[in-house]
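You will see two complexes here that share subunit A, one where it goes with subunit B and one where it goes with subunit C.
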Partner chain A sequence: MIVLLADKPEQASMSTILKPDNEEIFPKWFVKRRNYVAPNSTVFPDITVFSGDIIDLLQKLNSFTSLKYNWDSYGAIPPSLMSIRNARRFLFKNANVSLPFYFVSPGINGEVMIELNKDQKAAEIYFNPDGSEELLLYENNNCILEKEDVSSYTDLIEFFNE
Partner chain B sequence: MTPKKLPYAPLQEVIFEGKWELSIDPHTKTFVDPEYPFALGKFQQSINSKFPVYKVKIPGGIPFQMLSHQPVHQFWSKDGIWPVIQYGPGVVTLNDTEKNYTWEDTFFPLAKDTLLNIKNAYSTELAFISYTLRYIDVVNIKNYKFTNWMDFVKENINVEFNNNFIPPGPLSQFNFEQTFEINEVGTLEISFSNGQDHKNEEIFIWQNAVSGKNALTCEELVSWLSKAHGFCSNIFKEICKKDFYDSFISR
Partner chain C sequence: MSESLPQITIEDNDRLLRRVLFLHPDFIKPDGTPSSSSFSLKTGEKGLSVDIERLTTYDRSILDKSRFRLYFLKASFTTQLGLTNQHDPLPDNYAHSLITGNFSRSICRLLASSAKRINFP
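Now for the complex of A and B:
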């Protein structure tokens, strides 16, 4: 029985900051908290709905719960429920922040990795079975930052939006 | 003299929305825009040269009878470039951002043209029964002196903001909405709130929206729109304290 994934519904509504459709063309602002800033807005869209990309990632993440031991045929450990839960919470919380989510994958040691990618920049966030997190930032395929305390993602947002 | 366009205007989006009266479908007993499927083609043709990029907001397969007063189609001049015209059964909107916006030169003429094109797309005279002109303004607090939200509002906005009790902690979120009756145009809604932008930075948001609900013809709605703009423009200046307003002129 998977109980750790049964997060409260309000977790979805905590993250109500929207990702711009095309921030290069015009910088846009987004409103936290109110679910419906302005009817028929094209800058402040309906924030009660996640984008298709995020939904795909969440669905893929949930599918990791069905992975068994040796899922890669090389003895990999299935992702822990802690890893899946924390990755899921991260997606919920940041679904509408301006971050270029790319894909999510299981690791061989029970961790879950979310990758972000934009032009020559990439980031990997590891959600480990013991509840710890690691962040790695890459630029032109070179790792430029590695840190274990990922309590604030301000660096990450700045990295992709600078 | 007030400049035609504020150099550092906080405007994020201006939305004009017009909804017209729908008919009752005798079979489904729901409100429908019976001419909508045919009017869509005529309307799109009339704006296609200026707004060639077409997007559908709502996935296909949903009967249009279920989408009354909801924009379904978007018409962009270029992909991701405002202004945008949105159209659906019984509704049309015009959305623009600060980058292009001036009332006299761009927004108002386009709103008039859009309403005329809607009128021409229908064989019957439309009665607009709900219409709004809404301005959404935003500033990033990092560009201002900021210690807390209560002081920020007191220092920049012409409203009183006091709690006559001891707050249990720092104010993290607020939202004030006020609606005023205005005989000539309908109602004026003013709201203030805080939020975060796409970089997770704190922002202050305020909206001025004038709305009407008396049935108007297309031509009357154009006249209403002009009056509504006057109210929004005046209230914007009156809401902002001098230094705050001046920050939109020079920095």
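Now for the complex of A and C:
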């Protein structure tokens, strides 16, 4: 979020003007608060409406862009921008869906993995550098479903809510 | 592998050490288990690099205490999964070994969830 100063009240949104109580002490500036990202955008959604857990995952995900070659000491390559972008898009799209988001980590081949976890159930979603996705569902660490074509997350939602 | 370095046989009770990143970004989940990714193979990699505990020290194996933590797997556990443990000494790391076999996503998760943390440092 950024704050803009407007010298005329009509330049600011009425709902966000912070009018100074004492105009002799405070300068005659009107403050317009504006979201840094476009509201209602699926590309740049307003993250202030997301839960703290989602924001934490998004922040961690963004930090992956700074990883260099061999970041894990075993020769891992950095996550690709496509992997990060697709993982971010998944979080944006499903932030308000009833899913137990748990963990995000980079993979060693340029992918990004988002894990969901609830009781003995877990799901791993891999966002690969070539744009493909993989979904794995686990119960007690036993893999019960593995899909390479993840065009919808119906299985995922049903799995955690059944 | 260096031809001149003698190989040993990995015993069932040997502990195999693997470094796991715990800072920037952390690979360790809130429940203390490492991410599956930290037990995955890079494309083209022959096997998962580990160190045989009895042939090294924690200080040497961890490389950078500020960024990594050590986890271990029992050699008997990896063989139960159908994997093979092979001593693969390197000139700068005699303890180096490889766990080879079929590293599916689910195997990687099993390895990660079964790894135990070494209380070091």
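Everything that follows uses one rule, which is that the second predicted complex is superposed on the first by the 114 of 162 C-alpha atoms of A that agree within 3 Å, B and C clash if a C-alpha of one lies under 4 Å from a C-alpha of the other, contacts with A are read in each partner's own complex, and residues count from 1 in each chain.
In this text, contacts are C-beta pairs under 8 Å (C-beta built on N, C-alpha and C of every residue); 3 or more make two chains touch, one makes a residue touch a chain.
Bear in mind the structure is a predicted one, so any value in this text is a computation, not a measurement.
Under the stated touch criterion, which partner chain does A:113 make contact with: subunit B (first), subunit C (second), both, or neither?
The second partner, subunit C, only.
Given the touch rule stated above, what does A:157 touch, subunit B (first), subunit C (second), both, or neither?
first
Touch test for A:75: subunit B only (first), subunit C only (second), both, or neither?
second
For A:50, using the defined touch cut-off, is the partner it touches subunit B, subunit C, both, or neither? Pick first, second, both or neither.
neither
Touching A:98 in the superposition: subunit B (first), subunit C (second), both, neither?
After superposition on chain A, A:98 lies in contact with subunit B alone.
Enumerate the contact residues on subunit C facing subunit A in the complex.
For this pair, the touching residues of subunit C are 19, 21, 24-25, 27, 29-30, 35-38, 40-43, 45, 49, 63-64, 68, 105-106, 109-110, 113.
State the interface residues of subunit A toward subunit B in the complex, per the touch definition above.
17-23, 25-26, 28-34, 37-44, 96-98, 153-154, 157-158, 161
Taking the complex as given, what residues does subunit A use to touch subunit C?
Residues 60, 63-64, 67, 71-77, 102-103, 105-109, 111, 113, 115, 124, 126, 134, 136, 138, 141-143, 146.
In their shared complex, at which residues does subunit B touch subunit A?
Interface residues on the subunit B side: 12-13, 15, 17, 71, 74, 79-82, 84, 86, 91, 93, 95, 97, 99, 134, 136, 138, 140, 173, 175, 193-200, 203, 205, 207, 209.
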